[in-house]
Each structure stands twice: as structure tokens, then as C-alpha cells.
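Note sheet for the following structure.
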Amino acid sequence: MSLTDEIATTVAQLRRTVADLHGELTRNELVIWTAGNVSARVPGRDLMVIKPSGVAYDELSADSMVVTDLHGSLVHGEFAPSSDTAAHAYVYRHMPEVGGVVHTHSTYATAWAARGEPIPCVLTMIADEFGGDIPVGPFALIGDDSIGRGIVETLRSSRSPAVLMRNHGPFTVGRTARDAVKAAVMVEDVARTVHIAHQLGRPPALAADDVDRLYARYQNVYGQQ
Amino acid sequence: MSLTDEIATTVAQLRRTVADLHGELTRNELVIWTAGNVSARVPGRDLMVIKPSGVAYDELSADSMVVTDLHGSLVHGEFAPSSDTAAHAYVYRHMPEVGGVVHTHSTYATAWAARGEPIPCVLTMIADEFGGDIPVGPFALIGDDSIGRGIVETLRSSRSPAVLMRNHGPFTVGRTARDAVKAAVMVEDVARTVHIAHQLGRPPALAADDVDRLYARYQNVYGQQ
Amino acid sequence: MSLTDEIATTVAQLRRTVADLHGELTRNELVIWTAGNVSARVPGRDLMVIKPSGVAYDELSADSMVVTDLHGSLVHGEFAPSSDTAAHAYVYRHMPEVGGVVHTHSTYATAWAARGEPIPCVLTMIADEFGGDIPVGPFALIGDDSIGRGIVETLRSSRSPAVLMRNHGPFTVGRTARDAVKAAVMVEDVARTVHIAHQLGRPPALAADDVDRLYARYQNVYGQQ
Amino acid sequence: MSLTDEIATTVAQLRRTVADLHGELTRNELVIWTAGNVSARVPGRDLMVIKPSGVAYDELSADSMVVTDLHGSLVHGEFAPSSDTAAHAYVYRHMPEVGGVVHTHSTYATAWAARGEPIPCVLTMIADEFGGDIPVGPFALIGDDSIGRGIVETLRSSRSPAVLMRNHGPFTVGRTARDAVKAAVMVEDVARTVHIAHQLGRPPALAADDVDRLYARYQNVYGQQ
């Protein structure tokens, strides 16, 4: 398929953005070797930009990024897409508000996922970003829509942009790929802090209405408007 | 408001200092994404220099720093000030000896804060820098003076330049912004070491008069006079 | 011994590769000081390229790498070979499919080795790369073939490319030296994640047929074909 | 005092060496801010080269290093010597075989020191480098010879080049300053690994004669002869 000029410019920018955002995964120590991936939806098209499969992070470039349709079929690019492409594609098909998806096996979030325990909302930072406990999704094998369906069903019953897939690891979503990366960074950070807090006791949960107030404020007031 | 020449030079230097000190927060792994901030009082004025809200650490520069009055209202700068500005401002209004304030969500200090437990003075380094246990402050919602009041009331009943705000994270103060950053680095370091010590037992506390001797010596003798 | 032209070219390339792969050990924080080593078999010859003994990682270069026969005797190079050379050589003599061997004392894998406990297969990533639990090998003293024999006997009864040698640390193998380094990186990563999961409970093991499916897929489908 | 030409050259080299070795402390994450120091004996003289007090690691240079006598009195240099100078000097006065001393508050070693527990010899790497358990020294206040005496008395009853001073942190010695730094790096590494092993059980200790064999081999055979 050849891309029209207009969409070609958008795709070129997204390839650059998605390639660069993988640098945040390594800088924040969320991934090792090739085990994590970022994608972005091409706005207004049934297309996404995603990492190629099994390529090392320091060999990634805008050119090596892959374009697929929203069923994971290769549309543009020289490499096979990430083995997690089907999960990303399922999310884009079923959550139209989502513009970016990230998957890692970051250590502490994956440890919660291994035990199948949600991360309890015991920190103001969790209330701010996740709006409550960070939920656990089902165990699902790679190879069909099981992982994607597990992600979407879990996220729909929560305000959290992160889901801990059982015995597997975290997936995060965002309005943009950068927002999804931010959620991936923050889910690991709070997974670590709450884990460490739990090693020596049980911190009290925040009251539900305090969580609501913090979440509302952070989503609406924080940052540059 | 336009700044007079004299104060303009001081403010320009403080913008540079405060911007650079954020680099110590990342270098010492006390913060992720945009979740931490440093401020400095403008000496002799009811003004402070603080980080802008929601701006990434590697995009910070002297120019992007913000000047507010000591009620948190913007006086100079192109960005909205940190969402924690009210807490910093409250500290400057009520603790005239304080010239710098730092807030992070550093992992181990925040874990102690989540459980609401003070860090016990079981290391000579804690006696040196903190003069005793590192105290816990109350849970307080963002949005008014609650956080600032909790910080000030807790610090006043202690020699510690650090307070662990419940379910939130540490705030530190210092004669200068650099001193407050040093306290932020050291509170995380001792929070981590004591946490790890506690995982396999309970270290004995230092005797009170040994704490006093160590504190007096470190505050008066250490470093270049 | 002087090397023929053809083999000299191959050896020169392998010296470069093996020297560079030590950089992955430090980048992934698997080693400190001089305590870890990578080797590669010279294809079709009874030779291997390995790290010199006791040389700091940032002083390693292609030129400082050592060539030995498969009994560990020096064939080419200015330095004494790694003190673990006998173990590497034993593996190459008895596992003809192995082209690379790595030894580290990486923290979490060594902690499992110290307790003599296999790492249970509780993560999809473990099923993918290791095909089941990561096994423990016997305690063996350095100085003869004991370590090599322990590695080979343990690996032969497992699909895992990694073995945790009791009270010592992990050894990994691969079709190439790069594959063995990847296994060294991943064994530490999963050792850490499963350790952390176990600190607060016991994650359920994956079902044996799910492990088989994940392993088959990852070995055959993952990456660029 | 002005130094003779011959000794001046030696001292200049040692200033460079000692300054550079502080870079190993930061690279190996053994120290924060200014809380750790390296010294070297000036061979054949009652002099030592040591870090200045309270100076940041990235501001250290050969020129900022300080020369003192073996009672800690300043002989040469523009800064006040490290507040730990008396302890270093005591070691040099009483252990003529020691050419270098290092002190840190590295996290895991300090955690063992806080509990007053020796690190048990459960790893071949501990037998190699430390020749048995890593011993605990007494609690001692800074300000006189107490710390130095505690270090020397503890090290004399052990083969270990490291001692864990109670409620304080590790001190290490070596034939050279570089050897003492190596011991500081390794004591933290094994303190961490054994701590992590202990979190989920108790690893068996090595047999005493295996420890002896490993220690003898490592001290005599390892490295380039």
C-alpha cells in the first residue's frame, strides 16, 4: 500500500515519536533486551505504528517502526511487527478514545501481576494518576484476541489507565502514546513503592472520597493548561 | 510586575540554581517523570523561585523557572507554577530560617510515609543529619494550606529537616535550596538502608546522648569552615 | 601457534564480538569489578575465545581477549585466560550445539543459587525463554572439571539455557555468545521479578501445557525470521 | 612543610590515584553526596593522601586531595581533611601492611552493620575475597581513636579486608588503595546478594575447608601474575 501524502507526513511523525518513546522505557528501566513495546494510533485511520519484533532498543529508529492495520496486518515497513501487535490492535478497535498503548514486563508491576493482586490505592500519587486500585486482568495466552479482550474488559470497569495481566505484566493506555508511556512509568513506580511499604506492614487505604477529589483535581488542574 | 535591577540579578541566579538542582533529583533517582520539585526563597523579598507544573526534567531551564509571591501567586515567568507551590509558600511564610524546600515521592521515604512510621535513628548518619528519628506528618489534601501546615507543625517539634507526609511522600527544608536537596537525598538513602535493615530484624536505636553528640559535631565541625 | 588466514579472520571477529558483549554485562548490571565472563566457540575448530582473568571491564578490548583450546590451554593472546575457562571448555566439549557461554554472579540469580532453589515458571516470559523452571546445579569447587560437569548434567535434563550453580551463581549457554548473554540478562530479570513476587505471597505456576505452547511459539515465531 | 622532589612526585601520583578512585565509589553506587572516602599511604613515609571534608564527588580533583601525617594533622593541601581522617590514620599506624583504606555507607553493608550481624560465608565469591564471614566491629563515636581501634581489632582476628562498624557502615583495607576500593565494591555486592537470599530462607554455609581452598586459590592464582 502506498500512503497518501497527508497521511504519510502524520505516519512519519508518529514513527519518530514511537521510536523515541522506547527510549523512555529504557531510561526508566522498564524493559530489558527487547521485551516491551509502544504503539500509537494513526488519528482518523484504521492504522497503528508499533515496534518491530525482537529488535534491540538501541537499534530502533523511526525507519524501523512498522505500520499495521487494526487487525495487526503489516501495511508498511521492513520488519515483522511486535509479537504483541494483536493485543494493541484489539485495544484500538474497542477503545476509540485510546491513542497509545504500552506493554512492559517491568519488575514490580509484573510481581503484582504474578500474584494476581491489584495495587491498592494507598498513595496520593495513585489517586492522582490511576483514580483507585490498579486492577488485575485475566491470564491469557498469546496468539489470538485473548490478551486484548482481557485488557479492554478490565480497563472498562476502572478509571485506571493500567492493567496488570496475570502471570504476564502491565499494559497501559493513554490519549496519546506519550500518556501511555507516562502511565507505564508511574505504574512501575507505585508498584515498587507500595510493594516496599507492604514488606514491613500494611499502609491504610485512602478514603474513597479523597481518591475522587485527588483524581478530579489531577486530571483537570495539573500541568500547563 | 517588573523586577528592579538588583533583585533581577538575584532572581536570575536563583532560577539557574533551582533549575540545576532538579538535576540532582534525577541523578539521585528521587523522582520520575515530573513528580518532584525544588524551590528557593528570594532573600529579603516575599518571593520564591519554583519549578513549573508538569514540565519534564530534561526540558527544565533557568528560563522556565517561575517566580511567585509567598502566597503562590505568579509574579514572573511563562508557566504555571508547580501544583505544590502552596505548600512551599506556606513553609516560607512560617519558617523564616528556611531558604529552600524540596518535595519528592522518593521510593523508600514514601514507603515509610505510606505506613505512617517515623524512620528510627539507628545509624550515625541519621544522627548527623537529622538529629533523631525522622518524623511523620499528617495526611492532608492538596488545594489549600493543609499540607504546608502539616509540614511546619511537624518540623517545629523536631531537629529533622525532613518530614514524611502520610500517604504522600517526603518534604525537606534547608538554609539554602542546596541544603534542602541534600536532605532529600539523605532521607531517601537512610529510608532505604533502615528499611533493608528491618527486613531481617530490628537494629538497636542509638542512645539519646550519642545522637546529641553526633548531631552537634556534624552541624558544627563537618565540611570546610 | 600461528593461525591460518581463514581462521584468523574468524577469530578476529569473535574477539571483537566477545569483547563487546562484556559491555552488555555491565550495561545490564550483571557484574561488578571483574567477576563475570563471556566466551564463544570458534566454529568448526576446537578453540574458544574468552575474557582474560582479572582485567577490568572498561579495559577490555578485542586485542586483550584470549584464545584457548577446548581444554583451556592458551593458544593465542597476551593474558592468562579467565579462571572459569575450564568450565566453559567442558561445556563446549560436551554440548556441540552450544556456541557461547556466560558466567556472572548477578544478584538475584545468585540469591536463588545460594538457597539452592530453582526459579519456578510463574511468568509467561519464563515459559518463553526457559521452557519451565530454571534448574539448580550442584555445588562444585573451581580447579577441575566439577563445575563444567555440573553445568552440563543439569542443562541436559532441562530446556533451560540457564543453570543456577549452588552457592556460586548462574551459567548460561546459547547457540551464539549473544544468545548466551541474552539468557544471562533474562535469568537475572526473572530471578528478580519472581523473588519480589515471593516476598508477599506465592504466585501460581503456569499449567504445563501453557508452558509448552508459549515455549514452542517463542522459539519458533518470535523476532525477525 | 615543603616536600622534597622525590616524595613530591609520589604524592602527586597518589593524589591523582585517590581522586580517581572516588569515581569508583560513585560508579558502583556506594556513596551519596559526600558520605564516603578513600585514602592511600605514602609508601615509606608517615604520610597519607585523603579526600577533603564535605566536598562533592564531581568537584574532586588531584589538587583538592589532602596530605596529612599519620595522626591526621594537615601537611599539605588547601582543604580540611575528611572527618574520618583519624580512623584512616589509626589503621595506617597499626597495620603496616595496609596501603589503602576506604569508608562508605553503602546500603546493604550498612544494613548488616545496623543489625550488628556478620555476613555469613555462603557464596564462593565471599570465600574468594573475604576468606570467611565478614565481621562486625564495635559501635564507636567519631572524635578520637575509638573507630580506628575498633577497625584494627576486628580485622586482626579475621582474614577479611572488610569490617562492618555497628550502626555506622563498612571500612575496608588493602595492600593498595585500589585493593581497598575493590573490597568496598565487593562487600556491598555480597551484602546485597546474601541479604536477598535471606529474605526467602537461609542458604547453607560453605564448609570450612572449602572456604580455605577457595581463599588460597583466589589469593594466589586469580588474575594476571
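We call the chains A, B, C and D, going by the order they appear; numbering starts again at 1 in every chain.
By our rule, a residue touches a chain if its C-beta (ideal position, glycine included) is under 8 Å from a C-beta of that chain, and two chains touch if they have at least 3 such contacts.
Note that the coordinates shown come from a computational prediction; the quantities given were computed from them, not determined experimentally.
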What is the set of chains touching both subunit A and subunit C? none
Mind listing the chains that sit against subunit A and also against subunit D? B, C
Over half of the interface residue numbers used by both subunit C and subunit D, so same, or under half, so different? different
Centroid comparison with subunit D (C-alpha atoms), farthest chain: A
Can you tell me the C-alpha superposition angle of subunit B onto subunit D, nearest 5°? 90
Rounded to a whole Å, what is the gap between the Cα centroids of subunit A and subunit B? 32
Roughly how far is subunit B from subunit C, centre to centre by C-alpha average, rounded to an integer in Å? 45
Which residues belonging to subunit C are in contact with no fewer than two other chains? 199
When you check every pair of chains, which ones turn out to touch? A-B, A-C, B-D, C-D
Along subunit A, where are the residues that touch subunit C in the complex? 32-35, 52-55, 79-80, 83, 105, 107-108, 110-112, 114-117, 141-143, 167-169, 195, 198-199
Touching subunit D in the complex: which residues of subunit B? 28, 122-125, 182, 185-186, 189, 192-194, 196-197, 199-204, 206, 210, 213-214, 217, 221-225
